[in-house]
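Every chain is named by a letter (A, B and C) in the order it is written, and numbering of its residues begins at 1.
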Amino acid sequence: MKKRVVSVLLAAIFIASIFTFAGCSSSGSKSDVIKIGFIGPTTGDAAIYGTSARDGAMLAVGEINSAGGVDGKQLELIAYDSKGDQTEAINAYNRLRDQDGVVAVIGGTLSGETLAMKDIMVQDKMPVLSPTATAVDVTVDAPNIFRVCFLDSYQGAAAANFSADTLGAKTAALLIGTGNPYSEGVSAAYQSAFVAKGGTIVGSESYGTTDKDFSAQLTKIKEMNPDVVFVPDYVQTVGPIMQKAKELGITSTFIGADGWDGVQVDYADAAQGNYFTNHYAADSPSATVQNFIKAYNTKYTKVPNSFSALGYDAAYVMAEAIKTAGSTESAAIITALSATDYPGVTGNLKFDAQGDPKDKEVTIIKIDGGQLKFVTTVVNK
Amino acid sequence: MNLFLQQVINGLNVGSIYALIAIGYTMVYGIIKLINFAHGEIMMFGAYFAFIAATSFQMPVWAILVLVMTIMAIIGVVIEFVAYRPLRNAPRLSALITAIGVSLFLQNLALLIFKPEPKIMPKLFPEMTVSIGGIDISSTTLITIGLSLVFMVLLDLYIRKTKQGRAMRAVSEDKDAAILMGVNVNRTISLTFALGSALGALGGILYSVAYIQIYPTMGVMPGLKAFIAAVLGGIGIVPGAMLGGFIIGMVETLTKAYLSTTWADAIVFGILIIVLLFKPTGILGKNTREKV
Amino acid sequence: MDKNKRRAYMINTIAIITLYLAFFILIQTKTMNKYFIGIAILTCIMIIMAMSLNIVAGFLGEMALGHAGFMAIGAYSSASFSIALFNSGIILPDLVVLILAMIVGGTMAGIFGILIGTPTLRLRGDYLGIVTIGFSEIIRIFFINFQPTGGAAGLKGITRLVNFNNVYWITIVIAILIFTFGRSKQGRAIISIREDEIASESAGVPTTRYKVLAFSLAAFFAGLGGALYAHYIAFLEPSKFNFMFSIEMFVIVVLGGLGSLTGSIISAIVLTILPEMLRGFAQYRLLVYSLVLIIMMIFRPQGIFGRTEFSLTGAIDILILRKNTKKSVGGGKS
């Protein structure tokens, strides 16, 4: 008898939840608020990237609103956690579009999640501006998707050019994270560019995404004794790699890509004397950069990393586009986005036909004494 | 040749950690026929507590080891009492599902308390590179292998020479007979969990010193592999777990070095499947027929 | 046909059609937007996954912890098939393509079910569990490395053939198929193996053959679920089909009751909708799941419905006529 009651009760809950659920459809958006969505990992392994980008965007939105908003209307940034999972990202996007009624999206943060949402976004013709997704495919055949950051292929080539020209490296080894489109993409570009400059790739080792033990691969690399070792991956992976390399007594210089930003916090010793490509340098003399850093520090009592800067720029570019468009119609915003010409923290932002930034400067950073020091900028021609 | 020996050392390093964790699995399985899925989480919490002891309290290494191993031993006993003892006579499926539940619970508890961002384990041992016969070995590696061997030998002596050790073996072989012989089964099982968890915690500490990062899900993969090691060596047999641990460590490292990094995990799982299909009692195991 | 049975079929059919009409109206009047429809579709897919897992975990009573692997096989093979079909220029109506893709996915998964099941099902409970985990991990690692399906970067460009209309009816059909199987001769034989393997062997049941049948049938339906998943999300990545996903499906079945198909259905619905509704508490979700799992196992190991089925007819009877009719699959105790 008790079980019968339980089962009937459950059935009732089920039916009730369907109807409450169905009843909860999106309320009409207030006409004096412009809603923009944000998608990125704010929990999980890649949490640092999503959180930084979101914080940068929030700072920008706050500043824009204090200055009067866009055409007198206030901006609202609605941020959802993708948890670094592609299905989660798709759910988050659907929710932003249907429940919250956003007019544009700043996201995804990681390349993987952006690619997962790409088809739906293209179908919806939603204006999308990714602050940090660097995989080439993101903007291919997607007239409504733009990005603020340079591409994997672009920064890989820049790193190679720097290695060959400035460091004078003749031999290089690659350490690639298989299963990580970012790592695979950047190293492929590095390889072509390095070889084009006359260098030799003496070896290429790989590791899996969940691997923590790099001794086997690094031992082989030590044997090869290359001038430089190129390891484009995120802080939580490259930190331990460089630590292990130091333990094994590897003397080659390590080069990385923008995922390294923040490595100086926990791995200063291991990363000493190594370089990576980045979107901006905190010690750059530019007033735009310094103002941004001051504002960010005031609001969050933290020093911004490049993901924060990119999120900041993305929010401003989107706001500018909405202002230029003079409406929240997606077609108008998209047209305005393609005509962007904005001096951002991470450089001057102009988009090419594909939706990628044109001729953007790649900053080379050196890790020295636990600090990030600006070295030079590279523009691939 | 040097390169090969270097890789062998790498294999021994990770293998000794797997061996320490595998011992915990094998002892628990031997005595109550349960795969303690939560053992990987014991290893993880051991690492976290060591981290706290090292960074917040700046305790010396030996104190950290003693303290953390004791704490985790106690926690292991508590888990057995709360989650497994009520199911001592329940169908195996229920106990197994509970073990999975405990494992998930501990992982998410750690996630909530410590947050997902990895913590960096400070260097507990003096950092030096020792050169033996042309091969460079880091002091961390030597200490890892050394400590593991010491504790494994101590445990083996304990099981073989002491009265409690004999009691543990007795309960593993035939619980009812052991009761008739006057063995306090509950106390023996608790002791098993305590010892297994202590060693698992040590494995966790050594793992985090070697691989630097501590995060809530760090116990899943090593736990799974250590379990495979225990099965490989002969589940329920402590020397088997040690042997299995070293073999799995070597296979994994040499596969990464000479075959392919991405298939290394698959090959380790493949070994498990082959062992279970053809010699489920493992390398050191005896053949037992299932009675009707 | 027995008068009670006829009545039961009528009531259930009316209920199914009414439910569909309810959804239809909600969708047409836009009360239910794309976001909710998406959740509903995912729920249907998880219902299929839970019911399929119940065949081997519930009816057969074995610990199958690698279900995500079969779903992956179904997803990838069906997606490859439909992509190839679209590229070849043959024009077929969407529903036909979906059905064909599902058959491809299900069959591939089923074949692997036979291949994996035959040697593996000799093992006992815990070992079987670990081996299924092992196979599932190997499948996942395979897809990470298999470049023709995109490798780790994933498979894009799958046509979204699934919408609520077709997935609802497909789910109903699959549910009916599995229910019928449960009451068939083979279904009962499998349940008898769970109850007492040696006794049923002595009674002449070819145990190995039926064990493999249960395993591969579960794999087949998992493949169907995978195919639907692929053609809804329209993007596949190997990391989705990991050990945690297998565990989540297993938890759904355990909570609903091992051996109760209606239990699996309701559990799947609750455990798919609840996390979405409680997005704010997402970080506590797994903590609560695991705690519920432990408490369930200690105090009510048979799950909410145990081995019996929730009967709509029975419930109506109680509410209206107070008659004590009960339906159960395989004669489990309530």
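Annotations
Simple rule for what comes next: a contact is a pair of C-beta atoms (placed from the backbone, for glycine too) under 8 Å apart; a residue touches a chain by one contact, two chains touch by 3 or more.
Predicted, not measured: the structure shown is a model, and the values here were computed from it.
Contact tally for A-B versus B-C: the pair with more C-beta pairs in contact is B-C. Using the average of C-alpha coordinates as each chain's centre, A ends up farthest from chain B. Note: centroid distance chain B to chain C, computed from Cα atoms, is 35 Å. Annotation for chain C: residues 144-145, 283 touch two or more other chains. Annotation for chain A: residues 43, 178-179, 208 touch two or more other chains. Listed for chain B are residues 262, 265, each touching two or more other chains. Only residues 3, 6-7, 10, 13-14, 116-118, 120, 127, 129, 136, 138, 140, 210-213, 215, 218, 221, 252-254, 256-257, 261-262, 264-265 of chain B touch chain A when the two sit together in their complex. Interface of chain B with chain C (complex): residues 33-35, 83, 86-87, 90-98, 100-105, 107-109, 111-112, 220, 224, 227-228, 231, 262-263, 265-266, 269-270, 272-273, 276-277, 280, 290, 292. Residues 43-45, 47-48, 178-179, 205-208, 210-213, 215-217, 219-220, 223, 236, 239-240, 243, 247-249, 266-267 of chain A are the ones touching chain B in the complex. Only residues 3-4, 6-8, 10-11, 13-14, 17-18, 21-23, 25-26, 43, 81, 85-87, 90-91, 94-95, 97-99, 112, 115-116, 118-120, 137, 178-181, 184, 208-209 of chain A touch chain C when the two sit together in their complex. Interface of chain C with chain A (complex): residues 22, 26, 30-36, 38-39, 144-145, 151-154, 156-157, 160, 233-235, 237-240, 266, 269-270, 273, 276-277, 282-283, 304-306, 310, 314-315, 318-319, 334.
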